[in-house]
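Contents: one structure, followed by commentary.
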Amino acid sequence: MTDATANAAPAPKQGKHAGSLFDADARTKKRNAAETRFRAYGLTAVGIGVAALIMLMTSILGQGLPAFNQTFITLDVYLDEAKLDKNGTRDIEAIKKVSTFGYAPLIKNAMAAKVDELGISFETFGVSGKDAEAMISKEAAAQLRRFVIAHPDRIGDTVEFEFLASGRIDGYYKGRVSMESAEKDSNVTPGQLQLADALKEGGALSTHFNWGFITMADASENRPEAAGIGVAMLGSLYMMIIVLCLALPIGVAASIYLEEFAPKNWITDLIEVNISNLAAVPSIVFGILGLAIFINYAGLPQSAPVVGGLVLTLMTLPTIIISTRASLKSVPPSIRDAALGVGASKMQSVFHHVLPLAAPGILTGTIIGLAQALGETAPLMLIGMVAFVREFPSAPPEGFFDPASALPVQVYNWTTRADPAFVERASGAIIVLLIFLLCMNFLAIVLRRRFERRW
Amino acid sequence: MNDMRPVERSVDTKEIKFECSDVQVYYGATHAIKDVNVTLEDKTVTAFIGPSGCGKSTFLRCLNRMNDTIDICRVTGNLLLDGEDIYDKRVDPVQLRAKVGMVFQKPNPFPKSIYDNIAYGPRIHGLAKNKAELDEIVEKSLRRGAIWDEVKDRLDAPGTGLSGGQQQRLCIARAIATEPEVLLMDEPCSALDPIATAQVEELIDELRENYSVVIVTHSMQQAARVSQKTAFFHLGNLVEFGETGKIFTNPRDPRTESYITGRIG
Amino acid sequence: MPVLWIVLAVLGLGLIGFYVGRMRALGSAGGDTRQLHSLPNYYGWHAFMLTAVPALLVLAAWLLVAPNWIENTVGAGIPEATIAESGSRSLVMAEVRRAAGALDMAVQQGLMDAATSHDIDANLSDVTERLKETGAIITSDVTQPVLQAAQLYRNLSAISALWMSVAVLVLATAGFAVAVLRSDKDFRARNTVESGIKIILILASTIAILTTVGIVMSMLFETGNFFEKYPWQHFFFGTKWAPDFRGDSELGMLPLLWGTLYISFVALAVAVPIGLFAAIYLSEYAGPKLRAVAKPMIEILAGIPTIVYGLFALITVGPIVRDWFAAPLGLGNSTNSVMTAGLVMGIMLIPFVSSLSDDIINAVPQAMRDGSFGLGATHSETIKQVVLPAALPGIVGAVLLAASRAIGETMIVVMGAGAAAAQFQAGLGAVVNPFEAMTTVTVKIVSQLTGDTDFASPETLVAFALGLTLFVITLGLNVLALYIVRKYREQYE
């Protein structure tokens, strides 16, 4: 580049750009370097985004996948008549009076029998009978009791049971607990871990897929191995049913009015601004609304799916209205004119022609709205869904008023507990949640691809 | 048809600016420009005419490698600017475009002030050392763009606020500000009313004194009014190229004649 | 009569109305549908709507209003002494409701006959014990005023329920009668039905407004209660947050607001440059293959629920920030920190910023880019000096929306930022240290409203004041952002 001031007169031949095109001048080189840097920033940003996703997924999958496997101990339990049914009457009420404490000795005995059978002894590992019993989940007694109440005729027999191993033993096979950490842990001793290894060698202890994680209810603080997401999934399902039944019709009705009938005036404007604003209101504010209106004012029960469903409905409505209006808008006016032209009323043209054509778009929007609602946590915490719920809610419609949990809230609940085994459970529950979301989004994409019309 | 009669002009032999031979352009599988050979002279207005889709705009965009921004576009052949192949690997399109400026069909001022619109090119190419010099370039360019008197009092107003004709002259002034050697104009008047068109045409005629101007136009009257050389394109071929007067009064090719007399187009 | 039965009865009557109305209309036309003004089904729907809709609306309104009216009537009758004894009117009312519920259960289980349940006297018989037998949860002894109030409560509830049933059923029958009488071949059934449907559509679209009104009213009301118990100056300008359920709390909002803004700032500092650069790269530079892979991947981040991010903060990012940065630098040893929450929230907001920016960048006309290229600008110069300035208002709108998201975000801060409010007393260092745990407005709303709550104490009510503050801030940001984005769209449309 020549001196910028030298050629004030614009005689092109000796102009500003007199150098050969083949040699990039210094300034161009500098500019091209800036260009390269800029591109690199962009690529880095994309890289960070993608890396964040990969890191997030690996972290959750790495932590959560073990939750689907669980360590079980197989024992032959002698259902001692003297302990379970002293009178021998097989009266179910009498049997029910025996609490889970009454069943604990049976398990202790079965454990001792198993160790004998394998030709090993507690002393080798410095483990007492009580310690050995502690290797089995506290849930085992309840499991045994349920079985006996269901099959009173089996009292007196020896029955093979597969019990959950306690959280620490399970953790040992998942790498959460080691011999070193067991030294310092008051809940587990290295001896117990060695015994577990011996049991494994003897075939009495195995790790395999655990349906219980998906079907069982939550369990208390000290038995993470028995905690499942059954109640939470059912609660989430109930809420989704309510959201679908309320948000879809109301959302579609509101969109039809706003898109097809509403006159352009300040009221309509107000409603529109309102809807776009509601879509951006923090979700926790909806939780406050639910607490104040549905629970405190209307007196609906806490922790109930009906309240959660109503709150999520209000949250989802804006999403559904916005997407429904977009799909109504995409139906060309010529369709409406055609219907009106053969003498249909405005209402008939909308319900007979426009709405069916917009249906795929509406469904897609609804599914995406539902997916959002399914993952929502904060508002549900305020309406009491963080409570510990052990019982399954009954069938709808009464079940809508029973206490229940929800998947995301269950995850949060587990993360607040001390035992690290619950972190694994929480991540496992998230994997289930993500699978649901993935399916819903996939369905939405398929619907869109399959039915999308280009006018 | 009175204005179709070309003005008698003295056509001297001038320095050759652009020399193009065997130019082929492909859009994916489509062969858009076939075997074009043309030479563009300095201090001359060359008009490209032809029916829509004949490739005249495409060819124009090859001259400053604007087609590079389209992924599927491929150009082969020799395009020499001052004897240097502009499609050579060593050529930086950025440097080339500073030398070969362009004005587009629709006026496209940046959403900035009038001053910043003009100063944009000089700034990125580093043509001014200080504010005073930049001011000088802006004023000079606006004057040469024949719009100075209309905007001198509102250089800070947004360029998008001007009328269509003013916007197009602003864009021409903006292209001049980088002091190019060749100025490409892609139907610069198609979005303008007759009065604005007349103003722009007058401007083009003035620009001829300093630049090699290439103008693509739909209007044969316009080509006849402003250009000294005319190239007629048809279906991707350069059918005829020669002095404007000759093309309009005595075309050699029957296709040219049909087009000029309005039978195809 | 339970509500469900009333609803079923009304719907049943409506169904009968459908067929009767249809038949009458057809009958008046001699069975020839061409003689009718509208299609026969419209006469049916007309009868159904007239029977069911007004009746069900009245039912809903009654259910909404009656409990409040009963509560107020009963509450007004409770002697001041009783209220003073248990602390607040709402506590007494809770007791009254429990006693009334227990009485109902006692009658239902046959432990008490209906007459006794009305006349029983707390001073003479041991009501508390008898009620506990039913399995109802009675915490304190049922005193005479409470028992009387409970009895009044039961009476009023019964009366209200009776009148509700009567009113609803009468209305349904009246609607049925009118509809059936009107069903005649000349009656414009379609027009009537259509205006009815239109009214339903209008009602549906007002739900959005009702929601906003509900949000504002519920929070205003409780915030009002809060400011009766706690001076507003201390709330808005207090620099210390130290709730204490035994009383004497200091509920200054500023430490929470500082935490919220600080974390949001960190989040935006992460999300805006990354999101913006990613959007620029993907829309201006990336080839179709990279775009097809990277764009959906970044968008997946937007579909992930915040609880997942919260867990990510808790189990992965928190420990990394502590072990790699905070501890070596000697700045803290907590996994919960502003940095943790801010980083994770930033990741959450990347797709939000990038997809909004992508739309906005794509809305800048190609002519602008051509103009710049034609002058010999490089691609990055074009982006920096032409595309971005043109898109700036839209991008500002997107950033404001992202800020509103960040301020209202709950789960990530609950799980990643910690529960300790910023200690303004501890000096500037503690307040600006990004590796220190710091709580936010949303975290405190959650913690004050979960678990045992007492809606009479300022420690609980403060959550509503915080909620209202949050709502107002985000509302302001949203409206501003929507306004800017809208204005920007108009520019190129």
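As written, the chains take the letters A, B and C, and residue 1 is the first residue of each chain.
FYI, contacts are C-beta pairs under 8 Å (C-beta built on N, C-alpha and C of every residue); 3 or more make two chains touch, one makes a residue touch a chain.
Not measured: the values here are computed from a predicted model.
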Could you work out which chain's C-alpha centre is the most distant one from the centre of chain A? B
Sort out for me whether B-C or A-C is joined by the greater number of C-beta contact pairs. A-C
From the mean C-alpha coordinate of chain B to that of chain C, what's the distance rounded to whole Å? 61
With chain centres defined as C-alpha means, what is the inter-centre distance between chain A and chain C in Å? 21
The positions of chain C in contact with two or more other chains are 378, 381
Please output the residue numbers of chain A that touch at least 2 other chains, ranges allowed. 31-32
Can you tell me which residues of chain B touch two or more of the remaining chains? 94-96, 98-99, 124-125, 178
Mind listing the chain C positions that touch chain B in their complex? 365, 367-378, 381, 385-386, 389-390, 491
Interfacial residue positions of chain B with respect to chain A in the complex: 15, 42, 81-82, 84, 86, 88, 90-92, 94-96, 98-99, 124-129, 133, 136, 178-181, 210-212
In the complex of these two chains, what residues of chain A are touching chain B? 1, 4-5, 8, 10-13, 15-17, 20-25, 27-28, 31-32
Can you list the residues on chain A that touch chain C in the complex? 31-32, 34-35, 38-39, 41-46, 48-50, 52-53, 55-56, 59-60, 63, 249-251, 253-254, 256-258, 261-262, 270-271, 273-278, 280-289, 291-293, 296-299, 314, 317-318, 321, 345-347, 371, 374-378, 381-382, 384, 386, 408, 411-412, 415, 423, 426-427, 430, 433-434, 437, 441
Residues on chain C engaged by chain A in the complex (per definition of touch): 64, 67-68, 190, 194, 197-198, 200-202, 204-209, 211-212, 214-215, 218-219, 221-222, 273-278, 280-282, 284-286, 290, 294, 297-298, 300-301, 303-312, 314-316, 347, 350-351, 354, 378-381, 383-384, 401, 404-405, 407-411, 414-415, 442, 445-446, 449-450, 455, 463-464, 467, 470-471, 474-475, 478-479, 482
